[in-house]
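One structure is given below, represented as structure tokens, and several questions about it will come after.
Note that the chains are named A, B, C and D in the order they appear, and that numbering of residues resets to 1 at the start of each chain.
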Amino acid sequence: MKRLAILTSGGDCSGMNAAIRSAVRTALRMNIEVIGIRKGYLGLMKGDAINLDNKAVSGILHRGGTFLQSARSMEFKTPEGQQQAIEKLREMGVDGLIVMGGDGSLAGALALHRLGFPVVGIPASIDNDIPYTDMALGVDTALNNILYAVDCIKDTASSHARAFVIEVMGRNSGYLASISAIATGAEYALVPERDYDLSEICQQLRGRFAEGRDNAIIILAEGAGHAQDIANSIKDAIGFEVRVTVLGHYQRGGAPTVFDRLLASRFGKKATELLISGVSGVMVGLSCNSMLATPLEDVIKGEKQPQDEVLRMAEVLGI
Amino acid sequence: MKRLAILTSGGDCSGMNAAIRSAVRTALRMNIEVIGIRKGYLGLMKGDAINLDNKAVSGILHRGGTFLQSARSMEFKTPEGQQQAIEKLREMGVDGLIVMGGDGSLAGALALHRLGFPVVGIPASIDNDIPYTDMALGVDTALNNILYAVDCIKDTASSHARAFVIEVMGRNSGYLASISAIATGAEYALVPERDYDLSEICQQLRGRFAEGRDNAIIILAEGAGHAQDIANSIKDAIGFEVRVTVLGHYQRGGAPTVFDRLLASRFGKKATELLISGVSGVMVGLSCNSMLATPLEDVIKGEKQPQDEVLRMAEVLGI
Amino acid sequence: MKRLAILTSGGDCSGMNAAIRSAVRTALRMNIEVIGIRKGYLGLMKGDAINLDNKAVSGILHRGGTFLQSARSMEFKTPEGQQQAIEKLREMGVDGLIVMGGDGSLAGALALHRLGFPVVGIPASIDNDIPYTDMALGVDTALNNILYAVDCIKDTASSHARAFVIEVMGRNSGYLASISAIATGAEYALVPERDYDLSEICQQLRGRFAEGRDNAIIILAEGAGHAQDIANSIKDAIGFEVRVTVLGHYQRGGAPTVFDRLLASRFGKKATELLISGVSGVMVGLSCNSMLATPLEDVIKGEKQPQDEVLRMAEVLGI
Amino acid sequence: MKRLAILTSGGDCSGMNAAIRSAVRTALRMNIEVIGIRKGYLGLMKGDAINLDNKAVSGILHRGGTFLQSARSMEFKTPEGQQQAIEKLREMGVDGLIVMGGDGSLAGALALHRLGFPVVGIPASIDNDIPYTDMALGVDTALNNILYAVDCIKDTASSHARAFVIEVMGRNSGYLASISAIATGAEYALVPERDYDLSEICQQLRGRFAEGRDNAIIILAEGAGHAQDIANSIKDAIGFEVRVTVLGHYQRGGAPTVFDRLLASRFGKKATELLISGVSGVMVGLSCNSMLATPLEDVIKGEKQPQDEVLRMAEVLGI
């Protein structure tokens, strides 16, 4: 192996730059060149690439997002698009590819692997909805961003005896919502994995209001409802005034936490070592504090198990 | 003078607790008692108060919001309501009142003063729309909260070559929007004090996109339009994909900055000293780094001048 | 079981309050009372305790340190002291005790268990030197505090082409030093578990300086040398000017991160459930994302294994 | 005027990059080129410079330190050195120079002005010891860094009933110490401008300890004593255990606050406009929220007045 490529795809997250840096440094130590593909699979099909030497990845460890940029590409989902991608990789003299992103991005990696091109995936998705890794890249930073915002909102909620419905990311996964509910002492986490009963919630909140509690926080995963709808449904029934905040893209960015910088460094190093040693078609993951390689096939077919212990705990520690 | 009261009213902001602490410590040094009225004018009319000794204000300096809470009261706006408030104050043995809040709250303070009750006001409003003070309490903390969020959003914007419309507070004032635009290097600040031409903005952004710039940030004061409407108007004309984030109540809270803790300490001390020395019907303010007392009458009639230098600078440093 | 007690002992850390809250809420749900012993074993021997109801633990989740306070006690290390502690617990009607702290504190817990008193331990120590738990409470917050400080120092180091020796906590453990070195992109982590060769380091740093690199960061665990001594040894040999910063107690405090709040919530809940179900003489721990109970005997005899993978990675990603 | 140069000198601070960016953008709008001198006067004498176009100053607004770097030069203090600097400037086709730094740096600027070279200065010094500006660049960020650290240390102090002596920067100025004491609720600020009586302090602290207060914080300006010496002097006399933290270079760096980014933007723009309009030998400053130009001669001869109101307030709000 002489030359690797790395690309970031799908939604960006904090830690991607740290993982790129780690992959580059690991490869260079083994005298293997690295190029960075810009704008994900879209850029790959165009051969949009830059050389990544030690200097190119200096000063990026602490920066959010991905300096290689990301983009969507419908064309890459076609067999022709994938074939074209492989041709471009060969034209550029690339022997192996590291793909960093969420499940869509990893499905693309699997397609390239099936077409015979060596690929290793790195799970990066703030929703933490990728199976076969305890944590995906970017989750811990997103959680701490949410924490900071909710701690702020709680101050103002308490000052006005208000309830807040705070919407966080998570289309299919309540991970961010339930963990941040525990971490901020929120009263409820509404998640797509579990039904909830607004009338029961209203009754409990009314009780809380009657007791003289000065605030109530409901963390809502975006996949479990619309914040404003929920606010409208409960606003006349709970005593508290209700306000809504949708945290949005603020959750994605910012300097990565220690956990994400370390995870990124481990993922980048392991993915590079696997690829160089001849392994293809796997995703690196974190399992019991160790690096684990799982066939991309299993990752794509698999489903992340909701953390029942955590979901139950959110209930015990809440209201 | 034997006993002062203090209340917080209107929208809460960071630094209110620090100002309460400072007022209490200043009064106690002069052997004057202090009580805290809970829930603003609403609580005042009910005589809802707690004693504030040194211990009661210990450990609150760094906390956002107001532990005395705030609330709205329509009834207090009537002559009967105001008369009742004064009676309650007298019942509680209170000789003077400190009112902390925005222009509505200060208008209430003026009403009490006109009815003969000694009152001093402290300007607190994250919009920075109160005249006769360079800065109101809470503005600096709100600005730094906005900064943190926009720095995060810029990471993700750059990763996807996106434009973001970010809505900040400011119904009548573009202060937060224009200052945070300068501080974050945003391309535009859309403010209520100035007309803007979306078609011109689109043209400039298209140029920026064509040059290969990887993001564009528009900071919008809530009084200058709706973020989603603006996003819809420009989304097909600028090259960049467009996303929207409404920062909402997150802006209000959080541990106050040094500036707000210091300003709060100065406001609380000065208001207390003025009241004790027999002054009434004024608001304390910050003017050229000094404490200034201005008749509440002038404050209520006055209008905050937009900072033209700053608005112009936002343009020079932008696109 | 009718009444539990909880105490914090040894060096404080962020997350202790969150763990107390979780233990109290868990016990109250099962109709068991909780009292908080103040000032660790010292307070225990005096019966210095407060009642902990839901309200007592409200508003503490996000606060650093321990509101129950901690202290050292030589007397408790004697058989007489331990006997007295048990008598006090019985006087207060306590049927079980949760002890939170580092290895010294857990050794005290084991002593009480051997004397027949039901005890469960929670590992809390920013050094992460306690075996049978992947992470102790407070480590993640300490790491992120270090990260913030080192990111700041790197700015100034780069501005002056300086090397910095930054001393972090860790008398017997290089965990904080090595993880924070990876997370901040430091050139070296000097740890007690591994010998280092200053003349080799000097040679490498001289090379780095010659290449035109604008800074060099050495993270030193306190158990691996004195920062100023190391600075003196290298200052004339590396090209860079050298400066020293000892981060000190700043590392311990501050609002806990999401990770520490979640870990604290899990530890507090699990320790309470174990104690109530009749288990004694164990420490709860985090193992492969699950809660694990290990006999305190094994914990005290055991030794935390250094994370070789991590130590090696620090070398690869460094200079 | 066709080409400006800008350099940063002396101790770095947060906001320098933002000021460089603002100066460059302002000049480019007026079709004037800008070069950046690297490593202050040392680099100037060697002609070590880079071209600064819009792109060169993109993405630096939020970075601490100075990307142009800073350095000390004894040689520049000689007439020969200064002559050489002017020759280099002329060789590089430079018509005017912006110097950013503390009083030593501004004295150098004055020397060049006296030799006939057009120069404008920008005050940058976290000590806030430069006269004729209410605030120097970097002060607000340093204060907020101190705040964060002291808030953390207070958590651990309270957990162990300890007193802390925390040393902050300020060789000749107690500004950082006194403002941060007010902002953190510290009991004492020891500053070079005022004598202090350790025996009186001990007596008061002993009283505080006797009252059962759980911590005491003393903020010490480095020019007012050595932290460890003070700790040794009081440790047996106050009841509290005593610990020491020296915050060090951590104070200098980090992402600048809103205040510093705005101040930097104003300073950079104003300095550039003045130089282009033919003014030389002045320093820009902040006075009553406006930009003020003061002859460098007056700045160098002048002395910053200690803020008596603030120093007194620290006393009132303390113990």
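Keep in mind that, in the parts below, a contact is a pair of C-beta atoms (placed from the backbone, for glycine too) under 8 Å apart; a residue touches a chain by one contact, two chains touch by 3 or more.
Predicted model, so just to flag it, every value in this text is computed and none were measured.
Asks: So which chains are sitting against chain C and chain D at once?
Replies: Neighbours common to chain C and chain D are absent.
Asks: Where each step is a move between two chains that touch, what is the least number of such steps from chain B to chain D?
Replies: 1
Asks: List the centre-to-centre spacing of chain A and chain C in whole Å, with centres computed as mean CA coordinates.
Replies: Distance between chain centres: 28 Å.
Asks: Need the CA-centroid distance for the pair chain B / chain C, whole Å please.
Replies: 39
Asks: For chain A and chain B, let me know how many angstrom lie between their CA-based centres, rounded off.
Replies: 35
Asks: Give me the residue numbers in chain D that touch at least two other chains, ranges are fine.
Replies: Expected reply: 151.
Asks: What chain-chain pairs meet the touch criterion?
Replies: Pairs of chains that touch one another: A-B, A-C, B-D, C-D.
Asks: Can you list the chain B residues touching chain A in their complex?
Replies: 8, 12, 14, 16, 39, 63-67, 69-71, 145, 148-149, 151-161, 164, 214, 243-254
Asks: Can you list the residues on chain B that touch chain D in the complex?
Replies: 21-22, 25-26, 29, 61-62, 134, 140, 143-144, 146-147, 151, 179-180, 182-185, 255, 257-259, 261-262, 265-266, 269, 287-291, 309-310, 313, 316-317
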